[in-house]
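Okay, so here's the structure we're looking at.
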Amino acid sequence: MSVNEKAAQAAGAATGPSTVAAATPAPEGWEPKIIGFACNWCTYAGADLAGTSRIQYPPNIRVIRVPCSGRINPQFVVRAFQRGADGVLVAGCHPGDCHYSTGNYFARRRYLLATRFIEYLGVEPERLEVRWISGSEGQKFADTVRELTEKIRALGPQRRLRETL
Amino acid sequence: MLMTIAPDNLKNLLDKLARDRLLVAPSMEDGVTRLKPVHSAAEIAFDYSNTATSIKDFLFPQSEDLLRFVTDGTLSIEEIKPERAQVAFGLRPCDLASVALMDKVLLGGEFSDAHYQTRRNNTLLIGLACENPADTCFCTTYGYNPGWAGAADVMLYKDGDKYLAEALTDKGRELVGGPGEGLFKPADEAAGEAVKKAYAEKDVPFGKEVDVQGIDKILDGFFYDQYWDDISKKCIGCGTCTYVCPTCHCFLLTDEARGGQGLRFRCWDSCMFANYTKMASGANPRPTKKERVRQRFMHKLNYYPNRYGGSYLCTGCGRCVAMCPVGLHIAGVIKDVKGVKAHA
Amino acid sequence: MSAIFTDHQAALRDEVRKLLTDGTIKGFIGYARGRDSYHPAPAIVTRPDQVDGLILDQFCIFGLTKYLLDYIFEDGKMGIVAKGCDSLALQRLITDHRVSRDKVHVIGLPCAGVINAEKVAQLGLGNVQKVTDKGASFLVEGDKGSRELAKTEYLWDKCLWCEHHNPAVADSKLGPEVENVAMKPRDYSDIEAMENLPPAEKAAYWTRQFSRCIRCYACRNVCPACNCRECVFDIADPRWVGNTVKLSEQQMFHFTRAWHVAGRCVDCGECERVCPMELPLMKLQHKLQKDIVKLFGNPKPFEPSEVEVLGQFRATEDPEEFM
Amino acid sequence: MPESPLIPLVGTIDKITSETAASDIKTFQVSFDDPAVMDNFNYQSGQCAMLSMFGVGESMISITSTPTRKGVIEFCIKKTGRVTDAIHEAVAGQKLGIRGPYGNHFPLEMMKGKNLLFIGGGFALAPLRSLINNVLDNRKEYGRIDIVYGARSPGDLCFKYELFENWTKYENTGVHVTVDRGDDKWTGPVGFVPPYLESLNPSAKDSVAITCGPPIMIKMVLQSLSKLGFADDQVVTTLEMKMQCGVGKCGRCNVGGKYVCVDGPVFTLTQLKQLPPEF
């Protein structure tokens, strides 16, 4: 960056399209950081099963347990991206299986809309994954995390929504 | 000493300045002309009545880092100083006048604001007199005029196909003799003075409509008037007027910390926001729109002139006139108060 | 369609004076002259002597209904003038249980479209004296000149595809209803064009827009769907959006604001219109709207309903993409 | 020293004393880490300082210690908001930021030789304590001293060691404590401060009344003082406003044309009556 651009960035001002995301290559040794929001009753149990079954999956995911996929406000997703996540997994019970009967149906509507909206703001769609993973689907959890990690590794670090402090 | 500079030479000069410091200039983006950092003269808009945002953005930015702290176990504080050099081009007389008003608050009194002082020192202000004041401009109300140079280091006046230029400070003379060497030509003094006079006497129609004379004294006894009740009802409590104002200077301090370290910022705040004076206990001395609206106009037209001697905290830039979503602006209030007073 | 708001100005004043005098209402929310003849400003009058300051003209665009929230804890009724679009906003507030219908006296204003003052003010017509409806155009006569302005070019965009010319909520109406047809179909082509851009270009576009934001909250404060008792942005703990003005916070702010009214936006366009930095905020709402129409088969998500789009689901009919 | 007045200096919490039964009010003794700063920290009774809990924010707190006892800086803080919550969570030895002192101070010159009547309520005894200890340390220079203090309950009384042990030892000094509601151990007076004050019937002659407390108490106390014959310029009080900068720049603590942070917090009733009622 030129003196100007650095200064402009310091002023909190736009520095024009030239500085937008992607252009900068991933730093040496970079590993994708993925935040996984998992519902307590299905996906978290699924993740647990993956562990107890000794299914290997990349250590790039940090799981946050929530009561229900209906609890996962899309704001959480944007916050995760803001605070440094390169990818986000939102996961809950299959439709029809919600512990609270209908939470995941609401989540489904919300994320049908939110995934499109976040993409519209210029985040690569691959970075936000929504999946129904039941308590018996340890393998599916591991596969999902592996696929997501590889997709994000190919994309590089997420800088679009990331804060600079 | 008066000089002239050709538009191409001016662009060369600005390009040259942009190489080693931040160049701030009016630039049009998505239909909005505002002061923003630009990389070269090619991005600059030369034809505009006024910018949507003011020089305040760069002397007293909306968010400014004050210090960096580390809190893991112990505590260390490191002051952050705004050391970059910047040059602001294309400032209108209202903005140039606003700098002096801000100086009184931020540099005056027992405590001087070091961050603001540093930015003031590091910033070269290049003014540009107004060829076509907008419908909302009323600088003449306060005794300023379309050619007012105020805090400018160098003042430019468009004169036909060239610019008349005057270096007003040492910083300005350094610019003319340094990076500007060979770009400026001496001007005919008499003709130059005539150009300046023509700008100073240029008609500002809205300015004629707004007469501020004596409003500070009128407002001394106006605090309890029904007027504030009536007028404040339409305020929607947004911060537009305060944020686009070149003289509003209220701020808050805020911390952001992640993992044992963080920054403290100074950010603009607005007296129009409900939480502005709300205390931790929940008490709020200005609980409704009435008190907040009254505060803003009393501050500009009464408290400030009483405290800092004479001038009002407004330069007639007209930004609030143009941008207030509900037409609740200072020119209207001045007219109303005088009208209310005349009838009372 | 030939009705001009100004024709009803006298009737409005009479009615408001009567309502104030007989105590039906304690105050009236209408319009008064603003800084010039193109920019009428909202005005709230409480005394009969203020009524002659009320105006109605073809530039009266400001959606007034949000002001009703200032009076919900007070006794008595407020009067308000509402166009078709404003009545949707009013329905929003009523549906959200923020304003009680019996505390509002609505004077309905059938509307054939509001002239975009920002466009007309550029034409140098001077002080506007008279506006006449010529069917497909308005004749605007000012003291410095007159122009016949095609409605398709000089109305606000939202008026062109408006299907709510007559107020849905009203206690009385000013003049006869106007023909309720859109001048052109609702058009999402700009949204589609944006969707088709590669991520980096979308990002560049929104970065440019959001970095211009000064966080004055005018968009929030004017929005009839932003009617929470305490706004998430005013809560200090947890603080979802920091005070600092930097791109990531601006994005968080605009994402949150847009998302909070997803499926509840009445498409009044006030957020975008009042924005001092001219951010294309309706491009966010239109995107959400377009997807709601497509995904959930709700043809008019901007019409308030008891159960909002994101507050309901259809177990088998909703699209399934997350298997 | 930092160039900007907005940059705090590093200090340490040396000692924490819980004042009330509920522990919602604590007194914090702090010191600057730089001994030179500690030596040069000169303040007067009534002044405040800005305390920083980094990552949370800053709060303006009145200094409750007296400048006559050098080397001790104390703040009495009630747990009310985010910053004070964070301070209350602190343990002795923890670091914090301090900047100040700010504001004006109690007008000692005008009090010399006069009888002094202190009226405090709740934890607003904090700024008065600084002044009380200040005048008691120079006991001979003043006439009779009466301290009238009230709190909601015996458990809510602050500075009990001062009220019941230290201050009562001085000659010609009366300490009068009341509570809104007593408990089974409380044998003293019960009732609000204003009627209690009136029942004590202090003489207004050659006296200065200094009052500090919650807004409603102040309002009633001012009425009582007026009934007792105190003129406006014999009454001194303090104002509280939200503050950010403390140095007269940030613009929010003004009451009319006065900034509480630099022109206050101490005002005489005469001055107060010239201000609009926005506090």
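General remarks:
A, B, C and D label the chains in the order they appear, each numbered from 1.
Following the convention adopted for this analysis, a residue touches a chain if its C-beta (ideal position, glycine included) is under 8 Å from a C-beta of that chain, and two chains touch if they have at least 3 such contacts.
A quick note: this is a predicted structure, and the numbers were derived from the prediction, not measured.
The chains in contact with subunit A and with subunit B alike are C. Among the other chains, D has the CA centre that is most remote from the centre of subunit C.
Between the Cα centres of subunit B and subunit D there is a gap of 39 Å.
Taking the mean of the C-alpha atoms as each chain's centre, subunit C and subunit D sit 51 Å apart. Each chain gets a centre from the mean of its Cα atoms; for subunit A and subunit C, those two points are 35 Å apart.
With each centre defined as the average position of its C-alpha atoms, the distance from subunit B to subunit C rounds to 31 Å. Among the residues of subunit A, those in touch with two or more other chains are 12-14, 16. Along subunit B, residues 29, 62-63, 252, 254, 256, 262, 269 each make contact with two or more other chains.
In subunit D, the residues that reach two or more other chains under the touch definition are 82. The residues of subunit C lying in touch with subunit B in their complex are 27, 34-36, 39-44, 46, 50, 62, 66-67, 70, 208-209, 212, 214-218, 220-222, 234, 242-246, 274, 276-278, 280.
Of all residues in subunit C, those touching subunit A in their complex are 194-195, 199-208, 211-212, 240, 244-249, 251-252, 255-256, 258-259, 262-263, 284, 287-288, 291-292, 295-296, 309-313, 315, 318-323.
Within the complex formed with subunit C, the subunit B residues making contact are 29-32, 34, 52-53, 62-63, 135-136, 230, 233-234, 236-240, 242-244, 252, 254, 256, 265, 267-270, 273-275, 289, 321, 323, 325-329, 331-332. For subunit A in complex with subunit C, the residues that touch the partner chain are 12-14, 16-17, 20-23, 74-75, 78-79, 82, 94-96, 102, 105-106, 108-125, 130-132, 160-164.
Against subunit B, the residues of subunit D that register as touching in their complex are 2-10, 52, 54-59, 80-84, 95-97, 215, 240-242, 244-245, 247-252, 254-257, 262, 276, 278-279.
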